[in-house]
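Heads up, there are several structures right after this.
Shared between the two complexes below is chain A, which pairs with chain B and chain C, respectively.
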Partner chain A sequence: MLNDKLKFSRIYLIAVFIVLYAPIVYLMVYSFNSGGTMTGFEGFTLDHYKEVMQDTRLLIIVLNTFVIALLSAAISTIIGVFGAIAIHFMRSKSKQTLLTLNNVLIVSPDVIIGASFLILFTIVGVKLGFVSVLLSHIAFSIPIVVIMVLPKLQEMNDSLIDAARDLGASTWHVIARVIMPFIKSGIFAGFFMALTYSLDDFAVTFFVTGNGYSTLAVEIYSRARQGVSLSINALSTLIFLFTILLVIGYYFINQRNNRLEDKGAKQ
Partner chain B sequence: MEARTRNIYLVPYFLWIVLFVIAPIILIVYYSFFNVEGAFTFENYQKFFTPVYMKMTLSSFWYALLITIFSLAIAYPTAYLLTKTKHKSLWLLLIILPSWINLLLKAYAFIGIFGTYGVVNAVLETIGIGNRQILFTDFSFIFVSVYIFIPFMILPIYNALEKMNPSLIYAARDLGASSMGTFRKVIFPLTLDGVKAGCIAVFIPALSLFMLTRLIAGNRVITLGTAIEQHFLVTQDWGMGATIAVFLIIIMVVVMLLMGLRKRGIVLVKR
Partner chain C sequence: MKQISRMFILVFVVCFALIYLVNYMNRSEGYSGNNTLTIYNWGDYIDPELIERFESETGIKVIYQTFDSNEAMMTKIKQGGTTFDISIPSEYALDKMKAEGLLLPIDHNQLPNLKNIDPNFLDLSFDPNNEYSIPYFWGTVGVVYNPELVGDLTFESWDDLWNEQLDNKVFLLDGAREVIGMGLNSLGYSLNDTNEEHLQEALKKLSQLTPNVKAIVGDEIKMLMANEEAAAALVWSGDAREIMDENEKLDYIVPSEGSNLWFDNIVIPSTARNIEGAHQFINFMLDPEVAAQNTDYVGYSTPNDAALELLDEEISSDERFYPDEELTSRLEVYENLGPRMLSHYNELFLEFKMHRK
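On to the complex of A and B.
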């Protein structure tokens, strides 16, 4: 009886895993297909990878995507960390208001963010393209960084700051020498999250890119609408492998942080 | 900290709030009062209450509801069984991993899988059911949406289950509750917050999906999101698009209030 239950639960979980991974595996397998479609595997080939590597337009778009992701993650991390510090030291009433405002962009649907930013940029006169995409990515990444950093600040003992102040530290010193080191893991987590959100975003970017500027997601969308092309599969496979590397890296950083914190707690 | 020095490095953050949080909302509301010619009017709101838009809103709701229900039905047992496995955190990571992959790539994969000559049809053919039109149907739209949203539903439920004190289950068992009874009276109510968070994380994005409707549903399904995109980027009728966006925002706020998430445990998962 117990064994049956165990078996059933295992089958259920395995089924969920198979369904979750099937499309991804499917994409990867067909990236090696010598036939031109995603139906009927004809033979093994690396042609589609070669095609990706020779497609300068595509490579520029990949580069765009990474530049936007790194820049927006870095800038939003800086702004977000200070924002989190501001929220943390607020009185509780204005703190609540600020937190609500902070979270608006996290809970809003992408379409609304995209549409409203499009209006904003048009009114202000920002040309649609690199600048508008970068600004939007910074804008939707900031609250994510804040959310990742805030819990770390809450963990911090405020008497640490009082002590530093008593010892004569300036505001800047308190931030740089006391607060920053304490919330370091939160900052890394925020940066990483911002990075992946930016790499992943389609809807917002779709609204605020003009002609001639494109990121990977937007490019894939327009290519996919034209039909299946196996170079997208090859590209997806590469992105997938890269994503896995990122996630594994993040996982290990997290683990290390936790271990270090455990050690710190014990000492 | 002294107010003056504090202000200087907080400027970017507050500027961000004003420019990218408050201003966009005001702009959306402002634009909803203008028609295509740029004249001030309430026309858009009148138009929204005509049968065409009402039907669209209702169908958008209906699809989002179906997607949420199916996601919950699949995700709850998954989350529950996950908490029972040996290497929980590893399994959870594996469940979450697909959600890190760009949504468009996954949608693109389904074009191949569900296509006329795709795997599913090949299987149907061999079983003897024969070739069916799967892509560009309601079924494919809901299937792919549920596929995409499942991790967002699993994560909050898993967290809620993990937070639960297991001795409560033992207590229920000792007092003679059946496993069904324990689930209904103890486990489910205690994880309700997770379920609510998951439902919000699925329902609201499901209302506003737009690329899936084009890639997978072949424009047969029109959600509020598709309509907004259409008005902004295709017909250039920003006023009407903004009006629909206003209603989407209202719906969003109502859903959140209804779910009563006071202490908003925002689930930070991929949209």
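On to the complex of A and C.
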């Protein structure tokens, strides 16, 4: 009986993963297609990869996308973590209000956020381009970081802080030595969520780009109007492999750290 | 804490390295000088080689940016904060942009190559004297069909779409003026007809089409037709061309009662900084050889007479995309019917969509 259940859940899991990964595999296979379209595989070629490597404009856009994602994720994590700490230690009434406001930002549609940023930037006179995209990405990432960090803070026992205080820790010490290590996993989760949100955001970015500055999502979307060219497949394959490498690398570093920590604990 | 700060320091270092790399690449491409021209175009709507050629011929560096709909492009230009020197709206968007003062007049004296444009495509109702726009590509509205699935129908007449054989086998594109226009055309009326009786008649005729209509769809019509999900579809010729590139079995035709003629046009938005460069660019695109190469790449119909002569006989004599004069004389450009009539068209279209099945 138990075995049956296990079997079923395995099959279910495999089916889910096939559904998730099949489109990506399909896209990757066709990036090697010598025929120009996604209908019918004609032969193996690396031409599309060559095309990507020669398209300087596209490469600049890819780099721009990563710069925006990393910078906005880092900055919004810093702001969001301190925001979450501030919210956590507030009186419960204003805390609720602030949390609701935070959640409103998460659920409101990207199109509306994008349009309001466009209006704001043009009123204030910020030139559309790198700065406007960065600012808006930071802005929509902060609520996500806050929501990722808050549960960790709630898990923390407040007497830890009292104990640190009794032992003579300053406010900065309490934050750096007690709170931060405790909510570390929440901070990383927030950072990576912000990173992915920024990487694939189309709607907000679309409104606030300008003057030749563009990100990958916007570029691919406007190219897709004429049918997705296979060089986009090639580029997507490269980026997918790159992310897989990053994830694997992160996994191994984590493993090593854990082992080191275990050793340290034993000694 | 150590681990966190280490990671953030690493992130910032990587960022600054990337920024340096981007700047280096921009410099090596020459994007940093003041002599730049910003083009705002549909995705993949110009041959990239031509941009390079323009750069090396004039020394102007081109910054190329893309949009995916007329509405989005207009919003961007209207809000300001950008410095687009060139844009390429469709004719109905051009009308609106003109009305809202988003365009700069074009100085014809700076465009010696304007003489290459077929006079039939100049001085049209949406821009008299071409004060603000120069035609870039044009096309028609017609029927793309799969000969294997439609039996002996040839779609020489709009009425073929009403044939019983096509039960649940027709796609329509989701545009009020296109669909109502088809109804008016099939009855022999003008596309720009505002006579209420004629409109009601067209609506009645369209409602008889409903058993044949499988779906009313947007851009995905291209993919659906290429995958043979339906036998025939009402589409723009530009889409038809792409569908036929994907699936060679299909064919395109403009019914003989007449149809719509559409234009994409080069304009200079009011946000332009490099107006002289913009004129140089327009003149460059009007050059016969350049226009021919671009037509080859994009695949739409060119209004450039001199370029047409340079094109392959196979393309320029293709009557599906360059209809003969007799049919061309029956093609009509959409006139601006004013907001009230337009919303009436939309209401009629909505009514048609709601009464389906």
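Convention: the second predicted complex is superposed on the first by the 217 of 267 C-alpha atoms of A that agree within 3 Å, B and C clash if a C-alpha of one lies under 4 Å from a C-alpha of the other, contacts with A are read in each partner's own complex, and residues count from 1 in each chain.
Convention: a contact is a pair of C-beta atoms (placed from the backbone, for glycine too) under 8 Å apart; a residue touches a chain by one contact, two chains touch by 3 or more.
Not measured: the values here are computed from a predicted model.
K.L.:
So if we stack both complexes on chain A, do chain B and chain C clash, or do they fit?
P.N.:
clash
K.L.:
Once chain A of both complexes is superposed, is A:A234 in touch with chain B (first), chain C (second), both, or neither?
P.N.:
Neither partner.
K.L.:
Once the structures are superposed on A, label A:M180 by its partner contacts, choosing first (chain B), second (chain C), both or neither.
P.N.:
A:M180 contacts chain C only, not chain B.
K.L.:
So which one touches more of the residues on chain A, chain B or chain C?
P.N.:
B
K.L.:
Looking at A:I119, would you say it contacts chain B, chain C, both, or neither? Reply first, second, both or neither.
P.N.:
Both partners.
K.L.:
After superposition on the shared chain, which partner residues are touched by A:L134: those of chain B (first), chain C (second), both, or neither?
P.N.:
A:L134: touches no partner chain.
K.L.:
Once the structures are superposed on A, label A:L20 by its partner contacts, choosing first (chain B), second (chain C), both or neither.
P.N.:
A:L20: touches chain B, not chain C.
K.L.:
In the overlay, answer first, second, both or neither for which of chain B and chain C A:Y221 touches.
P.N.:
Touch status of A:Y221: both partners.
K.L.:
Regarding the shared-chain residue A:A194, is it in contact with chain B (first), chain C (second), both, or neither?
P.N.:
So A:A194 meets neither chain B nor chain C here.
K.L.:
With both complexes superposed on chain A, which partner does A:L153 reach: first (chain B), second (chain C), both or neither?
P.N.:
The answer is neither, since A:L153 touches no partner chain.
K.L.:
Which partner chains sit in contact with A:F202 here, chain B, chain C, both or neither? Use first/second/both/neither.
P.N.:
In the superposition, A:F202 touches chain B alone.
K.L.:
Quick check on the output: what are the common chain A residues between the chain B footprint and the chain C footprint?
P.N.:
Correct list for chain A: 37, 39, 78, 118-119, 206-207, 221, 224-225.
K.L.:
Spell out the part of chain C that touches chain A in their complex, as residue ranges.
P.N.:
1, 3-4, 7-8, 11-12, 14-15, 18-19, 21-22, 25-26, 29, 31, 38, 42-45, 63-68, 72, 75-76, 79-83, 219, 222, 226-227, 242, 245-247
K.L.:
Which residues, counting only chain A, touch chain C once they are in their complex?
P.N.:
37, 39, 56-57, 59-60, 63-64, 66-67, 70-71, 73-74, 77-78, 118-119, 121-122, 125-128, 132, 176-177, 180-181, 184, 187-188, 191, 206-207, 209-212, 214, 218-219, 221-227, 229
K.L.:
Can you tell me which positions in chain B touch chain A when the two form their complex?
P.N.:
Listed in rising order, the residues are 1-2, 5-6, 9-10, 12-14, 16-17, 19-25, 27-28, 31, 74, 77-78, 81-82, 84-85, 91, 93-95, 97-98, 100-113, 115, 117-119, 122, 147, 150-151, 200, 204-205, 207-208, 210-211, 214-215, 224-225, 228-229, 232-233, 238, 241-242, 245, 248-249, 252, 256, 264, 266, 268, 270-271.
K.L.:
Which residues of chain A touch chain B in their complex?
P.N.:
Listed in rising order, the residues are 9, 12-13, 16-17, 19-24, 26-27, 30, 37-40, 78-80, 82-83, 86, 89, 98, 101-120, 123, 138-139, 142, 144, 147-148, 171-172, 174, 193, 196-197, 199-200, 202-203, 206-207, 216-217, 220-221, 224-225, 228, 232, 236, 239-240, 243-244, 246-247, 251.
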